[in-house]
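Reviewing the structure listed below.
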Amino acid sequence: MQRVGVFVCWCGTNIAGTVDVVAVAEALKSEPGVVFSANYQYMCSQAGQDMIKEAIKEHKLTGIVVCSCSPRMHEATFRKTAAAAGLNPYMVEIANIREQCSWVHKDMLTGTEKAIILGKAAIAKVNLNAPLTPGESPVTKRALVIGGGIAGIQTALDIADAGFPVDIVEKKPTIGGKMAQLDKTFPTLDCAACILTPKMVDVAQHDKIRIFSYSEVTEVNGFVGNFDVTIKKNARYVKEDVCTGCGACVEKCPMKRIPNEFNLGMDNRPAIYIPFAQAVPKVATIDPNACNMLKNGKCGVCSKVCAAGAIDYTQKDEYINEKYGAIVVATGFNPISMDKFDEYAYNQSKDVITSLEFERLTNAAGPSAGKLLRPSDGKHPHTIVFVQCVGSRCESCAEKGKEYCSKICCMYTAKHAMLTRDKYPDTEVYVFYIDVRTPGKNFDEFYRRAVEEYGVKYVKGMVGKVVPEGDKLKVQASDLIANKQLHIDADLVVLAAAIEPDKSARPLATMLTASMDTNDFFTEAHPKLRPVESPTAGVFLSGACQGPKDIPETVSQAGAAASKVIGLLAKDKLTGNPCVANSNELMCNGCSSCANVCPYGAITYEDKEFRMPDRTTKVRRVAVVNPAVCQGCGACTVTCPSGAMDLKGFANLQIMAEVDAICK
Amino acid sequence: MKVSYFPGCTLKNKAKDLDLYAYKSAEALGVTLEEIENWQCCGGVFTTANDEVATKLSSIRALKYAGDKEQPLITVCSACHNVIKQTNYEMQTNSQFADKVNRYMANDGTYNGETQVYHYLEMLRDLVGFDTLKEKVVNTLKGKKIAAYYGCLLLRPNSVMRMDDPENPTIMEDFIRALGADAVVYAKRNECCGGYISVESPESAKRNSNAIIENAKANGAEMIITACPLCKYNLVKNGADIPVVYFTELLAEALGVKEDTNA
Amino acid sequence: MQVNEYKPLIVAFCCNWCSYAGADLAGNNRLAYPADVKIIRVPCSCRVNPMFILRAFQRGADGVIICGCHPGDCHYTSGNYFTRRRMAALFSMLDFLGIEKERTRVEWVSAAEGAKFAATMNDFVQTVTALGENKRLEDLRCKK
Amino acid sequence: MQKITREQLLAKASELLSNGTVSCVLGWGLGEFDYDVTPTIFKSVEELENGFVFNDFCGANFSKYLVNKTAKLEGKILVFLKPCDTYSFNQLLTEHRFDREKVYAVGIPCEGMADIAKVKAISGDGIAAIGSNGDKLTVTTLYDDEAIVIDTNEVLAERCINCKSKKHVAYDELMGEEGDVTQSNRFDEVARLEAMTPDERFAFWQNELSRCIRCNACRDACPACTCEKCVFDNPSSGVENKSPANSFEEKLFHIIRAYHVAGRCTDCGECSRVCPQNIPLHLLNRKFIKDMNEFYGEYQAGAEVGSRAPLVSYTTEDLEPGEVFNRGENNA
Amino acid sequence: MHNNKYLQEEIIRISGVNPSKCMRCGKCSATCPAYDEMEYHPHQFVNMVESGDIEPLLNSESLYKCLSCFACIDRCPRGVQPAKVVEAVRLTAIRKKGANRMTADAVPAMVDEDTPQQLLVSAFRKYTK
């Protein structure tokens, strides 16, 4: 039997005005287990807390009930008070007789009556309370960043600068991501490479950062603070630590006509290649689908020309196991396929391109060395039509496109249009838009400048059809303001393709038990208050894998994710919420219902041997809750048919005791 | 293979070639077209109005006829195909409409869209197979540059027609290639020729048809094939200076059954 | 004061993150509702076991209401979606057994919806008062 | 009359025992009376020949027994499964309740089993023997000199009249011909109750459930009730109750039991078969099944191993609990 | 602007289209092959039905210019189906007594020797009731 102390707070007149606190304290005195009952003007004051502490010591209290304001207000206060007096803080229960009694009821009689019942319920519960100690688990002081774009780079740098080792896993041969393919960045128009490549170098030279390029995560086990990750390093047939990146092999490789993915297939690369000049790591990679040596055993030129002896045709995929305390997902985005939008003739004409292809066309390191030339005939285009929202803002049930706004297209299109007019004033530039969305610092000013200073023709309306004919692209469009159908003979059409999460995100989410929305964007733990955390503890989100983002937003989110990771890794031990589920293995059927409803993947199963009454043993499958991962929602407790699963602090018996006390 | 066949009004009259060669070619490919008894005109256009019932009954009779014989229903005219397929879709998805129709046709028993509707081209692709077709070609059309004109009725609305990608269809191009010819891909192949507007405003039909012909020619077409009598009429009437023929005629030629038809 | 006036007994299960906070907000704003409502705090509406509800009725409650975060806003991401299915099944079953369907309710109340909380409780108390005492589910031994 | 005979099953069981495929057979054994068939473990051909029976009263669903038997017995167990039993078999596998490797399942066809209560209603009590002959049962009683002949179809159990499937969803070997999932009217009775007023429904269930003697037969026979420890036997659950001392049964036991098996119940009908008070307990389970089919789409527990029951799943567009009633009113 | 609630509901019922799904992108009008023939264009049909401004549409020649090519239906990013709205408005107009657009007497003047039956059937179905 507990020895319960009851403390009724007046809260000045806040409670005492509608509740007869003396009567409440008196009435609760005779409840089972109650050995002490008192009332005081302000329980939360120093004097009030001292009174509680003294009573705990003097009456050897094993549990206390404070009848006061909402537990959301002062539960933490009174738990500290109890702890200071040597009582387990989870032996404290609050009866909310202010917000849920005195403040909402008018007369003294009903208020007092209800306060007594609420007190009784709290006493009934505390009688069944057990001391709880938050679980502790050690933290592996190393972070994993999945994705080596600007989001991953920034996150990794921030974490590493705080002194923690970080590994970046990037599936491409180099880090840099989409930003490395961009030309200039809005709204400041500084060159993407000029601001990105120094960061890539920082990553490469940072003693706390390891880069696993051309690699992917294949398995994730464990939980916050203790993830166990398998990374597959794909064979690149070049010894990374030997290759000097001199490029001799690239130059001499006879297989030269492989579409260059870095330039989105607008030019070719050899079978052995370095994606771009500033690649990190700057090592060559052999494309096994293109290399004649790997396919047919004939050639071997690269091996012959490599002075360092870095070529290794026998290299195998390598699996690396590593432990991490935190994982950051930075898998980024891709433009969607334009196959379903052939009213714009993307598949019919080389001169209909996506915006990302336009970036490459205008990039000094691109296929046309920065000169804006038509991919079909290399001529200078005089009329360019930009189409916005291609595949964005489509109805959810539409088979093509995405329901959401891709967010970045308005601004990069304004940038493209402005830069084109700036460099080639003889070009006519049309932008067809549904809405121009420019919420961001200096964004609208930028867009207006494109219109007012650079003479870009913004047309409110959409393009309905592009007809390649001769060397022209006949564009049929609507101008909703002029209420006209326009027919423009264009030389180049640029489609602002919607963006979607990278395809690798979905299987990764399954491995991480992190949740995703229907569009395959990762879900935040809370959309407003925890935007860089996934609901799975220890998994953080950085960049466009969480939703469409521009560079400044990505970088700030990357920093935020890093700070969350640093906060986690700075701890030696993780203290959990002690109000977690626990399974009574004697009653557990091992049926998996609980794991099916657990949003955190906190429940696993193991085969356990039990001694039976007849002295035989029996092996049964039973649920095991990982207290470090469980957040204590209780979904599992209700789905468990045998009642084996219960929630500490909100146990079945405790809640039923409250029900009984209220209904008595 | 035996299939039910809905020819449609024009095919027994102004578009006899479309019909005749469909029969001959099917025969050569081992498919027997069993013409639906007492078929009635589909009406030419499908009305999208929710409350139109009577105008859709002739299609439903044809569908049910094929259904009762447990055969797929084959159409060859684009318009018939569009009307019948859309009507069937409405029977499948709009239970209120289906209920009303079934009450209307009380004597004929109930029908809920069970019949599979194939356009002749889909039959070639999905039931016969273009590879099989390729093997049966005797007069290869090698070297001919042929442009497929889909028009609108075969492809749209895509949620119902499901024939091909509505913006970048390939079924007719694959057909042309199966016959050994070169397929000319051009953007206007799925734009409207004007259709029935040629009674209301012939200039509009002229403008649309002209643009299609020009676009096909600009991409190198020497001949245009179509599945629709009205498309053919509009294209020919509006100054096509390259031949416009029905796809079945081309098929019959390739299969070597055209000559004995004429004989 | 009327002595014999019927006062129902209402048990309200409120999730800690939204509805309990919503109830607190009703208090902060002094939005009155009858004292017949007694709130039990649970971490999430998905913690509410049908057994608790039946237990309350058995012990003489006249109405039971479960309040949770709005669908999509669950603190634990998916708890209230399970609540929604479980309670739909349970309520339908109670109705099947002839229990008055007005005695059970699920309401989504956010932490910002103090007014909704008070209005919901006023409405529920009114509904249950009109129904009168719960006789069909109570256990006679437990009646005071 | 079953199409498959005792002799065929016996031969199959003997063969599998003799060739070492299995080490024992879970089959129907002779009980006190002809209609009182008892699940039995046979360990030798001899035991089989003496004790194995197969007749129109072999309704018992063996799936449940596998939970304990596979854990206790060495080697493989041969089990005969009627189509409806295979659903329970799969459901238990979904819940990892036994080791599939330790079972050799033989699917057998079923033409529907007889309900002894219906037989007794015709023949009266004091049944001495029941013989089977074609589509007829020949019942000899202590009180009548002449045997009473009953058409099997007249005494078919309710669950067999509304048989949901003649198709086996799990087996290692199939005897006889495979059937199909049938179009049954099993929800008609639930719908009839739904159409009543709440007062009528309450009266109906009071009448039925107040007869409960709390023998726990329904729970003990139910293949979904395989909990290591049932909450109703567990003092620490807070709802323990062992006797019919009050209205607890009507109010809690049967509702909670139905809720605990909701989504896991395959509608095998064992609960009603074994109820000595003839309470139509299966209607509670069917109500849950019908509701969930209507609310969340068709779901048949046990149709496949590993499927996810409606109550451990959700969509963001599910209907609100309050809407379950509106729906009913619209239908009415 | 006049808001004709009755007609508006009628057209929404016949067409099954929810005009408020329109996000004013104008792709229907961009894609329409009959645009230049029309006084009111596809997007205006949708927007005017949404605001209940029906009479001008009913009295407009534009009703008879739509080719029913369904390009607007397939290319609309929001699934609005403008062609169905045009059809519903047209039916509302020609279902009135004596409002047929075409008469049988006019046919001989329209046909030439190649005119396919399909053309006449289609035109009749579109322009008369």
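Letters A, B, C, D and E mark the chains as written, and numbering starts fresh at 1 in each.
Everything below uses one rule, namely that contacts are C-beta pairs under 8 Å (C-beta built on N, C-alpha and C of every residue); 3 or more make two chains touch, one makes a residue touch a chain.
In this text the structure is predicted, and so the values were computed from the model without any measurement.
Any chain that touches chain D and also touches chain E is listed here: A. Of all chains in the assembly, those touching chain C and also chain E are A. Within the contact network of the assembly, the step distance from chain B to chain C comes to 2. Ranked by separation of Cα centres from chain E, the top chain is D. Rounded to whole angstrom, the centroid-to-centroid distance between chain B and chain E, based on C-alpha atoms, equals 24 Å. If you average the CA atoms of chain A and of chain B, the two centres end up 50 Å from each other.
Distance from the chain A centre to the chain D centre is 48 Å, each centre being the mean of its Cα atoms. Multi-chain contact residues, meaning those touching two or more other chains, occur in chain E at positions 36, 71. Multi-chain contact residues of chain A (touching two or more other chains) are listed as 343, 465, 597, 639, 652, 656. Among all residues of chain D, those that touch two or more other chains are 231, 238-239, 311-313.
Of all possible chain pairs, those that touch are A-B, A-C, A-D, A-E, B-E, C-D. Chain E contributes residues 13-16, 33-34, 36-37, 64-65, 67-71, 73-74, 81, 83-84, 87-88, 91, 101-102, 110, 112, 114-127 to its touches with chain B in the complex. Contact residues on chain A toward chain E in their complex (touch as defined above): 343, 389, 393-395, 397-398, 401, 434, 460-465, 476-480, 483, 485. Residues 158-159, 165, 167-168, 185-188, 191, 211, 214-215, 218-219 of chain B are the ones touching chain A in the complex. Note for the complex: chain C touches chain D at residues 50-51, 54-55, 57-58, 71-72, 78, 81-82, 84-101, 104-106, 136-141. By the touch rule above, chain D contacts chain A in their complex via residues 71-72, 94-97, 226-231, 234, 236-239, 260-261, 264, 308-309, 311-313.
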